[in-house]
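All chains are identified by letter, namely A, B, C and D, in their written order; residue positions are counted from 1 within each chain.
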Amino acid sequence: MRNQDLRHTLYTIIHGTDTAAGRRFDVVLLWMILLSTLTVCLESVPSYRATWSAHFRWLEWMFTVVFTLEYLLRIYSHPRPWRYIFSFYGLIDFFSVVPTFIAFFIPGFRFLMTIRVLRLLRVFRILKLTSYIENAQLITSALKASAHKITVFIMAVLSLVLIIGSVIYVVEGEENGFTSIPQSIYWAVVTITTVGYGDITPRTPLGQVISSLVMLMGYAIIAVPTGIVTVELSKLKPNKASLTPTRVCPDCGQEVKKRDNFCRNCGLKLISAKA
Amino acid sequence: MRNQDLRHTLYTIIHGTDTAAGRRFDVVLLWMILLSTLTVCLESVPSYRATWSAHFRWLEWMFTVVFTLEYLLRIYSHPRPWRYIFSFYGLIDFFSVVPTFIAFFIPGFRFLMTIRVLRLLRVFRILKLTSYIENAQLITSALKASAHKITVFIMAVLSLVLIIGSVIYVVEGEENGFTSIPQSIYWAVVTITTVGYGDITPRTPLGQVISSLVMLMGYAIIAVPTGIVTVELSKLKPNKASLTPTRVCPDCGQEVKKRDNFCRNCGLKLISAKA
Amino acid sequence: MRNQDLRHTLYTIIHGTDTAAGRRFDVVLLWMILLSTLTVCLESVPSYRATWSAHFRWLEWMFTVVFTLEYLLRIYSHPRPWRYIFSFYGLIDFFSVVPTFIAFFIPGFRFLMTIRVLRLLRVFRILKLTSYIENAQLITSALKASAHKITVFIMAVLSLVLIIGSVIYVVEGEENGFTSIPQSIYWAVVTITTVGYGDITPRTPLGQVISSLVMLMGYAIIAVPTGIVTVELSKLKPNKASLTPTRVCPDCGQEVKKRDNFCRNCGLKLISAKA
Amino acid sequence: MRNQDLRHTLYTIIHGTDTAAGRRFDVVLLWMILLSTLTVCLESVPSYRATWSAHFRWLEWMFTVVFTLEYLLRIYSHPRPWRYIFSFYGLIDFFSVVPTFIAFFIPGFRFLMTIRVLRLLRVFRILKLTSYIENAQLITSALKASAHKITVFIMAVLSLVLIIGSVIYVVEGEENGFTSIPQSIYWAVVTITTVGYGDITPRTPLGQVISSLVMLMGYAIIAVPTGIVTVELSKLKPNKASLTPTRVCPDCGQEVKKRDNFCRNCGLKLISAKA
């Protein structure tokens, strides 16, 4: 079964982080991701694009080809290809490659390649920064635990900005820059979140009184999500189990014990590191 | 008593959410509310209004007629009509219908129909999203518990912006955009809440020094409501009683046990679901 | 001792809040303070001033004469005049009257009369809103308890904005609106407090990078005072002693028990309410 | 050993704060730092520079010469010169002196002298404001304890602004002021931190919808660092050990007991105060 062996070797190199080869592969990959993101950013600057247009195009294609190849190899070497394709990292890998191909038809799409930056999330796994992973999980679980509260809150804010937007539209009117209700809702969001661009501002005395009340209200409202998250964060205990040696399931990102044979989250057979 | 029976049937359909018919009625209603709000928003966009003016007018009237009929039926079918009329939901239902009629005299009023969006609050009750209701109640009770503290705080902020507004009015003067004390108070609110539109900004060195101090003060002040709400939220225990099957009083929104005969808050006789 | 009697009667009316006459006096006073503040605000609006200039002047003088008389009577009737003059409320009463007199020489000073609004603080005492007073005391004591931490924090922020201001001044230079270091410090305060007027903004790429870093830093920094105040607020227990009937020392504002003969804070002999 | 004695005397005066002479030296130094920082600030104001250019130059040089001398004496008198040079205060002392010398070649560098202001941090040590030092240490340790969480958070925000920046760049395009992806990232940072200058704002309806979502997201996101820091701050106990008389290691700033002979952090032999 040479084919099987090849797939296993590819798996330990591409998906695994326990062997020297696997780690080297991932470090090279991270640098390529960083460079390709940087390329996209620099290409968007008009003066650079004018001068080095051809180089940028060349680099872009090279990175896309490499990432496409890598993506296909990931699918090929994975014991359960479909599982990988629809996993969190699998989807990110897919969407990092797609924009360049779509750009054949809609040129602007090219710049959405920056979604690639999400691939850098692997860095935590590769560098074995378990403390960071744990902290990220703490924050994520606090946000999840408060998701219902935050949803209620966001819905309340949405109703509020809709009503405030209509009121200010009626009060200020089109001659003062509030050209429509959607535009006025945009103003209400800008105001209540204390962003305050100043591209649309109330000019009538009544409009300014209403705005002042909205701002003071926003002042009290901003306290709510902060309070919710703080309370959830204070409830969480740090993982005590972090003392036993662990690794991360390549499939779903679940932390598993080193000696486990199957992921306790998704049931993937864990291939033990050989090199 | 055929009339009595009709009223009871109407009640279970219009006010109740326990029967299939009642739920279907509510879902249709929610979609109509959403569509009617959307209509108002789109109508306010000048380019759409220019093209589809007649259609918008027609839709608007249709929705208003339907909601008016529904409102009258709600009053007719309710066991205690006046109680419904002056209940929270009753008032919202009333104010959702009124603007179109007022718009005969003051056309701009039409756009205040967006207050209709508050009718969507029923969605929680209909979809039996008790977790969301509980969380909304948690947030509301935390805000209520801190209402006195927040009031003291808002009064302190109001005195502060009045004094800061006068000082900056004297320092900057009308030639720098601070045309009156009310205008300067508006500026003070914009600044202390960190909204910062930039439509009025200090230009004299002394004005900028005072502004900087105001901002740093606002920085410390913003901590107060957040602290208050956080402390109140952390004091609250989640409802343990949520295990017993409950329903919501159609009159006042109080959560009552399923087998209760009278609402423990407003004393309404609760009509048990039959279908 | 008729004179002594007169002073005592005046004292219970002007300083006291326990008799019907005293309460009536205070309510009239509060309305006059509100009206006089409103007068100052409206007078500052150019269009109103143009039309009713004389009326405003007349009202202003009337209020000032009344408040001056009241101030003199307060001094006359108080058992320890100097103590009153240098008490918190005494100083506010003084500064509410002074601006109109200074306005003889510097007309703009007139508008500083809005400091009068601080006299409204008495409203809590008069209306016996002990719950509000307690909550105000809770907030104040939380702020006092965290004063040292907040001071350290404000000093750190001040050093930070000085250094950031210099760096951006060197990077952006006068041609981009950063005309001097004080001006750049003003920008740094506007940015780090997330006010963001937009009257001065970075235009060079390096300046925008530095600004972005400053904003993200400000993002983390804003968490600090909030955290400090929240922790202090959560440590505080509400006053349990609030069940015993209390009144407030007219001299220093200290809450004392109703049957106390001397203020336990400043030692003022407390005159018991007779009417 | 006269030389040794001289160095010891210099040490107690320059580095120490326990003798009258040492304290006097430090107070003079603090005033000079304040004055020199003020000089730099005022020099940057165009109108002042035009009038008093020569005086500013003269003052600047005087301060630099004095601080350079002081720096050399600090090195000379310190028992372990290299340790001082690379200590926190040693580096600040170095960088306070360097800009004037660099300004020979790059004139703008002169204004970076404001880094001097960091030397004022000594004020806490000199004035024996142990309460402030303790509080500063509390805040610092809370920030340190939450450093990993904050890092995860900042990385998440950075990825987010990169992706948001690209999306808005594609949606709004160069004709609406979003001239490149780096520029759009700057906009995303300005928006998500709620600074909101308004120098670049979305103008297309889709851009405004995306911006509104970004702001509401930023609203929820701002809750995270606040929550983290609050939780860490609430975990900390105030130093109970602060009752034993302490002094601060002149080398590393570690608080040590008065009778200790060696710093428990860096091992510096502590010279006991003699005067």
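To be clear about the criterion, a residue touches a chain if its C-beta (ideal position, glycine included) is under 8 Å from a C-beta of that chain, and two chains touch if they have at least 3 such contacts.
Just so it is clear, the structure is predicted and the values come from calculations on it, not from any experiment.
Novice: Would you kindly state whether over half or under half of the residue numbers at the chain B/chain C interface are used by both copies, giving same or different?
Specialist: Mostly different residues form this interface, as fewer than half of the numbers used are common to both chains.
Novice: Just send me the rotation angle from a CA overlay of chain A on chain D, rounded to the nearest 5 degrees.
Specialist: That rotation is 90 degrees, given to the nearest 5.
Novice: Of the other chains, whose C-alpha centre is the longest way from the centre of chain A?
Specialist: The most remote chain is C.
Novice: Based only on mean CA positions, could you tell me how far chain A sits from chain B in angstrom?
Specialist: The answer is 33 Å.
Novice: Two-or-more-chain contact residues of chain B, please, as numbers and ranges.
Specialist: As it turns out, chain B has residues touching two or more other chains at 182, 185, 194-198, 222, 226, 228, 230, 234.
Novice: Quick check: in the complex, which residue numbers of chain D touch chain B?
Specialist: 194-198, 226, 230
Novice: Please give the residue numbers of chain B that touch chain A in the complex, ascending.
Specialist: Residue list for chain B touching chain A: 37, 40-41, 44-46, 108-109, 111-115, 117-118, 120-121, 131-132, 135-136, 138-139, 142-143, 150, 154, 157, 182-183, 185-186, 189-190, 193-199, 222, 225-226, 228-230, 232-234.
Novice: Which residues, counting only chain C, touch chain D once they are in their complex?
Specialist: By the definition above, chain C touches chain D via 148-149, 151-153, 156, 159, 162-163, 165-167, 169-170, 173-174, 179-182, 184-185, 191, 194-198, 201, 205, 208-209, 211-212, 215-216, 218-220, 222-224, 226-228, 230-231, 234.
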